[in-house]
Amino acid sequence: MHILILHGPNLNLLGVREPDVYGHLTLAEVDRRCDDLAAQLNVTLCHHQDNSEGGLIDRVHAAMADCAGVVVNPGGYTHTSVALRDALAGAGLPFVEVHLSNVYKREPFRHHSMLAPLAVGQVAGFGAASYTLGLRALVDWLRERSH
Amino acid sequence: MHILILHGPNLNLLGVREPDVYGHLTLAEVDRRCDDLAAQLNVTLCHHQDNSEGGLIDRVHAAMADCAGVVVNPGGYTHTSVALRDALAGAGLPFVEVHLSNVYKREPFRHHSMLAPLAVGQVAGFGAASYTLGLRALVDWLRERSH
Amino acid sequence: MHILILHGPNLNLLGVREPDVYGHLTLAEVDRRCDDLAAQLNVTLCHHQDNSEGGLIDRVHAAMADCAGVVVNPGGYTHTSVALRDALAGAGLPFVEVHLSNVYKREPFRHHSMLAPLAVGQVAGFGAASYTLGLRALVDWLRERSH
Amino acid sequence: MHILILHGPNLNLLGVREPDVYGHLTLAEVDRRCDDLAAQLNVTLCHHQDNSEGGLIDRVHAAMADCAGVVVNPGGYTHTSVALRDALAGAGLPFVEVHLSNVYKREPFRHHSMLAPLAVGQVAGFGAASYTLGLRALVDWLRERSH
Amino acid sequence: MHILILHGPNLNLLGVREPDVYGHLTLAEVDRRCDDLAAQLNVTLCHHQDNSEGGLIDRVHAAMADCAGVVVNPGGYTHTSVALRDALAGAGLPFVEVHLSNVYKREPFRHHSMLAPLAVGQVAGFGAASYTLGLRALVDWLRERSH
Amino acid sequence: MHILILHGPNLNLLGVREPDVYGHLTLAEVDRRCDDLAAQLNVTLCHHQDNSEGGLIDRVHAAMADCAGVVVNPGGYTHTSVALRDALAGAGLPFVEVHLSNVYKREPFRHHSMLAPLAVGQVAGFGAASYTLGLRALVDWLRERSH
Amino acid sequence: MHILILHGPNLNLLGVREPDVYGHLTLAEVDRRCDDLAAQLNVTLCHHQDNSEGGLIDRVHAAMADCAGVVVNPGGYTHTSVALRDALAGAGLPFVEVHLSNVYKREPFRHHSMLAPLAVGQVAGFGAASYTLGLRALVDWLRERSH
Amino acid sequence: MHILILHGPNLNLLGVREPDVYGHLTLAEVDRRCDDLAAQLNVTLCHHQDNSEGGLIDRVHAAMADCAGVVVNPGGYTHTSVALRDALAGAGLPFVEVHLSNVYKREPFRHHSMLAPLAVGQVAGFGAASYTLGLRALVDWLRERSH
Amino acid sequence: MHILILHGPNLNLLGVREPDVYGHLTLAEVDRRCDDLAAQLNVTLCHHQDNSEGGLIDRVHAAMADCAGVVVNPGGYTHTSVALRDALAGAGLPFVEVHLSNVYKREPFRHHSMLAPLAVGQVAGFGAASYTLGLRALVDWLRERSH
Amino acid sequence: MHILILHGPNLNLLGVREPDVYGHLTLAEVDRRCDDLAAQLNVTLCHHQDNSEGGLIDRVHAAMADCAGVVVNPGGYTHTSVALRDALAGAGLPFVEVHLSNVYKREPFRHHSMLAPLAVGQVAGFGAASYTLGLRALVDWLRERSH
Amino acid sequence: MHILILHGPNLNLLGVREPDVYGHLTLAEVDRRCDDLAAQLNVTLCHHQDNSEGGLIDRVHAAMADCAGVVVNPGGYTHTSVALRDALAGAGLPFVEVHLSNVYKREPFRHHSMLAPLAVGQVAGFGAASYTLGLRALVDWLRERSH
Amino acid sequence: MHILILHGPNLNLLGVREPDVYGHLTLAEVDRRCDDLAAQLNVTLCHHQDNSEGGLIDRVHAAMADCAGVVVNPGGYTHTSVALRDALAGAGLPFVEVHLSNVYKREPFRHHSMLAPLAVGQVAGFGAASYTLGLRALVDWLRERSH
């Protein structure tokens, strides 16, 4: 089973950008933690980070070929992107939405997600662990349905 | 007379993506139907699909050189893109907004269009025929004004 | 195949009323253009204009007897009439909503349609051509479904 | 100079209906007071009361033939009728909007008028005198412009 | 004691129109069930259905002559008609508002009634039984007050 | 057939509390009137009043064992209780919502019901008769469906 | 009978300020027209213009000593001044609110008046004639009540 | 380390109530799965379910004595309970908010949580796994901070 | 004269819970300060704290027997409880609403009180002194009215 | 310790203006009651009433020289005055906001205070006693902080 | 060329009032910096500060006599004053709106300006430099137009 | 000191696009004017224009390496881009937001900026001079802080 880990805009700055909000881990370390868990869960991962909405959409389309699901942190596009929502719906891939920070503690415009109503579920507020919890949840969800 | 047919994000998935909403026609077939009508109306077309907002804006700018108008299905950018609206206004090209589905039957965030107030008119809900009706309307509108 | 062309309030003033908004064509000329296209499409039409909400509802009910669909320009009742919406839903007749002007360029209260969510589709902004495009779209839609 | 005095729904009940809100005068007496003032101002009047929105629209259309302006109390249609607004705009007749009661003292849905932005002016709260003040204002306004 | 049973727009389609929402009973059968109960309660009824707002208002005015109260299903005018509200208030007739369907299960624009604040009470959701329950409630209410 | 009559907070004060709003009947008398009608309809009743949201939820859960439906006056919890709504949905018991007063005549926060969209129907405004009408409606509805 | 004519902020600029909105008459001329009508109606006037909210309030308080009512054009304070509203209410003086322009044709923040719910009535849109109509209405209203 | 697993209203119906929304697992089974994971993580749990808001608050207060944190599914109180929010804030216990279903797929009133801004994080949409993921996240979070 | 001092949810944590918001005084000390003032004012008090909405309602009902008024800090139920509002209205007991903190400095959902429109008055922001000021105000108010 | 008692617009009418809302006490009597309490509390007072927003701001600025705090009844400026709020913030003087009437019982525009979030606390609804309670609270608050 | 520098309410406190928000410069020093720049730009200035809305309006009217434009910091009147807006529009003087602080970082009620739609432009957030930048921009704008 | 001048979507059309709104200057000329001022201020500039949100974000990230601050005209992304806001916050670069036109004179959706709350300040409405004023302000601000 192959899973796409998709990182939205500005996540390349992780570990650099506002550490009091997002922690000191770099994106490479987050990806490595996901890889460690993937090995344990016996799945493989591909990773992609993009600052462009179009780039994220293109990557979701490509995932239709070989991925069983997506763990996506849509970053700033979470709150406004109808196009990314349509890409995930159109690709027909089950996905879990994850956020590093507890978005409900932050500015009101971060409280609404365009993607959430189509997701399997959400995990938010646990830093890098949001990704590993989301990956674990997605793999379990996919395995349950594949029986 | 040369017309740009501009397809927004995720329309490359046409025929694949949610066929109960968008039908079974592929984008290539939609483009071919437009070409057939164009031949009948004695105009030529160019086609462009882009998942990126910036890519769509670039294509609108380029159309200033050789197009008399645009038939645009802005997809998910319909509802949020001030920048695409500004591109069409800035290019000074008359355009018709088309949608495959009846957007008013769907989620409330799809009921508002940033582009509509600047369009010549809208056509929505007729699948691929929304494009051919829109093309026919635009060509008539342009010919009436060129006399 | 028989189609009802239904004109809402004030459309009897067409060609007289605010020509900068609605153009110089009279309602009789709009009806004649529809008849021309109907002949070409091999369908027949009946026409009705009414300034009264109740009169429009009565006409929709009557159309259940012999019409396959309706092209309706609900005029000022577009934005408020639950009763006309219920009439079209109750009659079970597929309909296309048309507007002479681009309603999204005008006052905000004209941006919302009570009927749109039940329509096959909408055409707006092309003057009299909104009717002929709408008629063409409705006939195609009905023929596709009758196979 | 000929002026239409147009009374909306339920005004036939005047003198009967809720006298604590609308006073004890009947509609016939209101019309007579308007006639008295008209004689004094050297204009003629026609009067019409209708409970139907369509009937009011028809009467406005008819007034295009022989009236220079309208004094209208749109009653309950004040707050919702796009169609009556369009009729007055389409007829191109200057009009004054009058109300017997001070609508701003009553339920919030009575605080907004669909017609007011197109009127020459409004007079509200003076009972039958709202009509005579409105008539006087309209005649003065018309005479000033006819010079 | 004489009671008016007043049916709003589209109720003439009852038994035809959207049976999954409104059931299979025709309006004639609803009226007959009301008549049966009226006989049992020792009151007489008159029935009126109208698709026009003005027609309903006229009928309410007429009821001032010989009716003690009204059971009204205002249909699509429930949500928008200030004029019908004013007619019932002006006539000074106690009334019960009834709805065949549970309006709170349906579109949000059906959740608000312009008439409800003036009614004795409301009954909604029980199909034809909404009328008989409403009639029973109104007769009891009138008898209690006539002692 | 066994039916639960469920009274929400403060209904124990009935006959004491604000008689101009709720009338002079005590809760015991309301219950007795329901019992009288139940005997006539050949069903049995149990009654429960609770000032606590949790207590009402517990009682709904218990009713799953032996009741065919519920007549509920949720009192002040009508407008805010997601938990009571979930209890009724979870219990899978058909219910009728009743109110002593016409809630639409009162403060705006009383115009919205959290329970209404799940109810079979509502009866409001008839004092104690709201309960007996609601009981009659529920029993008829249940009997129709048990055939 | 003595009446206060009260002019709010910026009305000293009348005839200078935005003549396309307010006309070419100066405030002195408006006051003279009011004086002419006052003579005709057999009442006396005092006039006051103030750019300060506090100054207007002080003048209203002073009017309690010798005025029977107020014709007030509150200018820009119309839409926000709770304090001026309280002054008029506290003084217990009947007043008519007048506006030179049709405020409903202008920016939305001019559509709401803090004073209107307490006024006898409003007159708007007739230029200087709004004052004379308002004065006539107020004097009639006061005389009717003094009998 | 001791953790409280707190279940809000109606969760005692789990496995019974709306299985298409909440799945077929009973609450006892959910608790057992949490116990299994707790053993693995080397922590101990206490469990409490309550249909009463006050009961849940009491239990949170009691947890101050011996618990290091709370995994809470506040059920229907999620959306309205200021008091439960204050209890968790006042107790000073870190907590994770969990939901069985994806609340963003459901009615709009379920999209807002009173507790979320104070939580460490949220997990929603994974059925019983929401609890075990939430427990895992909370224990990791507590251990990281205890170093 | 006997007065009920009623403390809402979480006030049992006083002195423990968020001392930077609520201060270091315990509830027992607040009660003692009230008792001291009561002795001075020659009235007697009873005290009750409850975390349950139903418990608070029950206590208000009980107070009808022997209390002349209530000083109530409704805590988190201030903002949502229609039922507690109805209890106080139903009991017919004059009450003063008090808050330890200045609620207008805190989250927006704390700015609205369901109880305030029925209270004699409010006191907020003075810590324990809010209670003693409220008690003093209530006793004066009651004594003034008992003459 | 010197305290400013600041009265906003229209309070000079006290005892005259709407006695059913504000009581029969004059402002001089309110000031005398404050002076009596001040003597008892061993502080001195200065009093100022102003109908002008600018006058109130000037007085607050002047108070920086010799006052330790302010008891302010901002009257109609409570709800709109950013400038008075800024004056109190800029002067750095602790203040208590008082209202004679229970503002939450009155028009909705009186429910919001621009000043409240910056106040030490509020007292409302007790007539002249609101001032003496507010003065007592302010003096206690200042003395506690001066230790 | 003569320019008015107009300072709104509380700006006399500059350097005293909330230095963390507004900096340590006094108003005299701000005026001196403007004078220095004016000398450099070869224009003359007059300065006025007023805490009263009416005073500011009076000063704007006076500027019609000898000023070519206004640099205005409307302080707390920015957000609410229709009257100051009307004064600037009526005077027909081009103006630049300046703010010391970045108003978009502050309370939401500071995000909206009544004056901004009529200004040439705005400068905000640069402390005293907002004035000098605004003055420079206004002079350039006036000179460009005077050619 | 090195500064990035960042131009958002459609600014490449400057001088071409809607000259009545944006003026006749080309982007090259705007950049040259900035360079002239930069030389005068003894700083260096780099310029970038991008129609893509992702491209703008990438450029902001790159600027972390060698720029001390950013002058940004975010064009159509001003109003919607959370991602560009996050990029600027994440990069930790002070920035000034500039607009050619007075955005408050235009459509309401242009009145809100996602970036403004994080900016040092804004300059809007002065055409190309908005850039030079913004550059001047930013350099001064940076120099003040570097002492």
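Order of writing sets the chain letters: A, B, C, D, E, F, G, H, I, J, K and L. Residues in each chain are counted from 1.
Note that in this section contacts are C-beta pairs under 8 Å (C-beta built on N, C-alpha and C of every residue); 3 or more make two chains touch, one makes a residue touch a chain.
A quick note: this is a predicted structure, and the numbers were derived from the prediction, not measured.
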{"item": "Listed pair (I-J, F-H or D-G) duplicating the G-K contact set, over half by residue number", "value": "F-H"}
{"item": "Interface residue identity across copies chain F, chain H - same or different by half", "value": "different"}
{"item": "Chain C and chain D, separation of their C-alpha mean positions in angstrom", "value": "31"}
{"item": "Distance between chain centroids, defined by C-alpha means - chain C, chain K (Å)", "value": "55"}
{"item": "Gap in Å, rounded to a whole number, between the CA centres of chain F and chain E", "value": "23"}
{"item": "Junction residues of chain K, two or more chains touched", "value": "52-55, 80"}
{"item": "Complete list of chain pairs which touch one another", "value": "A-B, A-H, A-L, B-C, B-L, C-D, C-E, D-E, D-G, E-F, F-H, F-I, G-J, G-K, H-I, I-J, J-K, K-L"}
{"item": "List of chain F residues in touch with chain I within their complex", "value": "8-10, 12-13, 16-18, 50-55, 75-80, 109-110"}
{"item": "Sites on chain A touched by chain B in the complex", "value": "52-55, 57-58, 61, 80-87, 89-92, 114"}
{"item": "Chain B-facing residues of chain C, complex", "value": "102, 104-105, 111-113, 116-126, 129-130, 133, 136-137, 140-141"}
